[in-house]
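Just dropping this structure here.
Labels for the chains are A, B and C, by order of writing; each one numbers its residues from 1.
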Amino acid sequence: MDEVLLDVQALSHRFRLTRHVYIQAIDQVSFTIRKGEIFGLVGESGSGKSTVARCVMNIYRPQSGKIFYKGIDVLDRNAFSENKKMLQTGRQMIFQDSASSLNQRMKVADLITEPFVIHRLKPKSGSLRAEAEAQLLRVGMDAGYLDRYPSELSGGQRQRVAIARALSMEPELLVADEPIASLDVSIQAQIINLFQQLQRENGFSFLFIAHDLSMVRYLCDRVGVMVQGKLVEVAPTAELFPAPMHPYTRALLSAIPIPDPRRERARKLCVFDGSGLGPGALRELAPGHFVYREEAAP
Amino acid sequence: MSELLKVENLSVSFDTPQGTVHAVRDVSFSLRPGEVLAIVGESGCGKSVLCKSVMKLLPGTARVESGRIIADGRDITHLTEREMCRLRGKLFSMVFQDPMTSLNPTLPIGRQIEEAIQIHEPRIGRKALHDRVIELMELVGIEQAEERCKLYPYNFSGGMRQRSVMAIALAGNPKMLFADEPTTALDVTIQAQILDLLREIQQKLGTATILVSHDLGVVARAADRVAVMYAGKIVEIGTAEEIYYDPRHPYTWGLMQALPALAAERGELKAIPGMPPTLIDLPKGDAFACRNAWALAIDYEEEPPMFRISDTHYAATWLLDERAPKIPVPVGGKAYG
Amino acid sequence: MIQKNPFLYYGKKLLSFCLSVFVLSVLVFYIARLAPGDPLMSYYGERVEKMSVAEKEWARDKLGLNDPIYVQYVRWLQNAFRGDFGISFKYKQNVLTVIGARIGNTLLLGGTGFVLMFVLALGLGILCAWFEDRWPDRVICRLGTVISCIPEFWLSLMLIMVFAVMLRWLPSSGAYSIGKAHDVGDRIRHLILPLSIVVINHLWYYAYMIRNKLLEEVRADYVLLARSKGLNKRQILFRHCLRGILPSYFSIMAISVPHVLGGTYIIETVFSYPGIGTLSYESARFHDYNLLMILCMISGVVVIFCNILSQIINEQIDPRIKAQEVVETTEVKRA
């Protein structure tokens, strides 16, 4: 359990807008994900959490920093091409909007088995179709959906297909970028339960990116909080929610709505004043509990 | 007069190439002056269509099949567009989900508020108009209104835009405000601020509000009464306390159990199996029966009527019939009250 | 927030304008001279055939046609900067005089056509959007599709046949009847047919564009808010939606100037209308280098100017484009 699977060190990325203008999307972000762990990354829109996911998946090439997956530097071109197959099958990603991330012109069966075709792998179940059926069953759908197109499915079913596709490669790291944000409450719960069940069965590590803090609290073992491109607090869920330390985390947690009229009406909001984001670094203030602290310039 | 808005047996449907969508089916409810009624349900349950059909903002493919809408003592079910124009903004007004797109990008904020005022007070003087704009902007919590009224929507953040939309909606001093998922597109920290603003305005001006949301957490903060909608029908309606602490409909139970905020305390997240039915061909009997773990044989045969639990609390489930078996309520506020 | 320096902004635009015009002049100069054909034809006409080789050589030397092309170009450029664009080989007159006599006619035809077309297109577009999918909209859209499929020269011939030959209501060619050069009524009568073609041919495309853009705006969320605050359909369409599409309409208007200009040239030729369209055609056919050069330059300058104008309209007027800039700059400020 303690073996580190993914190690992100001082990752920074910026987007160039014009010749002289940049957005610092992520700024010196460091965290690790251990084997079999569910790590939640939370933050508001524009905080850079999706950019982190895309850097981890080699979709963006970060401006600086290092990403080690199983000790392999995935940003190093030589190391990457040597381990290409392992890196590409071992890490899988699920996006928020599966309506656009699944090819609309492919049938469910072909969508699920496409990774096998790309990587020229032999499916365990013998034929591609049998493999597709087996994967579909794992995510709680029956073989009747094999010949449907994504547009004929509901949002929750499409997300299940995306999960089946990602898990068909038996990944060790699953990255999900807001996988439930566009689903209804009751369907969200179905997908989260599915994630939990599959994670228990397969033991993959999971980077779960979300803005719904209650869901992160329910699902994740450890949580990282991002704001304005900086990772301001990383701690085990059980420690972070009762005792947030960074002012931003405090404001964010105070804003979680409680489905209970009396308590909710009495809840006081804590407004983030923008403090605590100057130059600084993460400090371990309690065992396993890292908080971003400003440092006086030397 | 005790009721500001009374909707009686309203049914609304849309004609689509796939067939007729029965978006609102036989819905009745009333809204008293100065109260906040929340309508909760999943996407496509007809909650948004319900609001828009009261204001007649639906596209041409929609039609009211039956029922009556009585607003401020007047039957407005069959009013013409011209007559509705006179009521909109003055009797009722609406706030929409996405503040990024609901403001006209080509006009300054101040101008858009001015316009809303001028519709109902065409003779208003320049100075009075400007003062009213500033007053409205301050009412919705926009600071430095004097400078900001000249800015365009793109200069504003999401929260500020939603405040501006509220200023526009309140410009005609409406008696009713429809807020259609007003916080869904906003960040968590802004959400609560907008809800508090909604509550504050309702207390200051006495505007009755219908708050549409899919989120029971959001609703808990602002609502006096809550109506739960499923497949075009109101399945349970009651005061916020009744709905949260003593829910009676299995769908309401399901929604509560699917909430991670409660699940984190209980350590278990229970999903409602299956999917909401399409509103084109609805199953016979209760539309929720096939997803309902407590479904009775009669649920598949006949739609349940509204059972009265108290003067304010009603639910449409056969479980409340005298002949139904008594089952322990799986959720209820007592445990987390 | 980063404020753009207006001098720098317009300076850059001016620079790109000058550069484009320079490149254009080089290209036109070279291509005209590389094209096969004998420029002496336009200068001496039929006589060329009777000229000896030595005479031809002498004539070429006199006209400076024997020098390498770049020498000829530099000479042309030097003269051009002094305002001397040379003489027309065919008319044996200063090219500016030749053009001056004709350009008024083209401006009248093209300019009036352009304005009429855009006003009508706007009107038709609004009409269609107002009656979306009802009969006025359907009729106009169908009619437009059919008419815009007809080539303009054919349409011109049909109109000439009907109105000039069969009905004898309107003259078939020219800009004025002989001896009536200063009769305004006569000029207008001559203008009607070519003008109708200019307008009818381009009208539909723009009307359709206005219609679709308007309908796109009508479906925008802000229209719902505008309706819920009590605005009626007319107020929403004219005060809100039209405002949203006009900047892009203006910019498309600017881009379409060359489009309309090109159409005018063809129509002038069909109606033997004495404008610079017919002149360009002649000059290209007879290798009247100086005339061709100046005509190309005039058209080119108009085209380049209009393109840059449309860019400026797009960047300066449309608040949505500014909006993107603001998003970018605020994020930068944050970073």
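Definition applied: a contact is a pair of C-beta atoms (placed from the backbone, for glycine too) under 8 Å apart; a residue touches a chain by one contact, two chains touch by 3 or more.
Since the model is a prediction, treat every value here as computed from it, not as a measurement.
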Most C-beta contact pairs, which chains?
A-B
Would you kindly say which chain has the C-alpha centre located farthest from the C-alpha centre of chain B?
C
Could you tell me the distance, in whole angstrom, between the mean C-alpha positions of chain A and chain C?
55
Roughly how far is chain A from chain B, centre to centre by C-alpha average, rounded to an integer in Å?
32
Among the residues of chain A, which are close enough to touch at least two other chains?
none
Sites on chain B touched by chain A in the complex
42-43, 187-189, 191-193, 196, 214-221, 223, 240-241, 244, 254-264, 269-273, 275-276, 333, 336-337
If we count contacts the way the header does, which residues on chain C are in touch with chain B in the complex?
220-222, 224-233, 239-240, 243-244, 247, 318-320, 322-323, 326-327
Give the list of chain B residues in touch with chain C in this complex.
55, 57, 81-82, 85-90, 92-94, 96, 98, 101-107, 115-116, 119-120, 152-155, 165, 168-169, 171-172, 178
If we count contacts the way the header does, which residues on chain A are in touch with chain B in the complex?
44-45, 154, 156-157, 184-190, 192-193, 211-215, 217-219, 251-252, 255-262, 264-265, 267, 269, 271-272
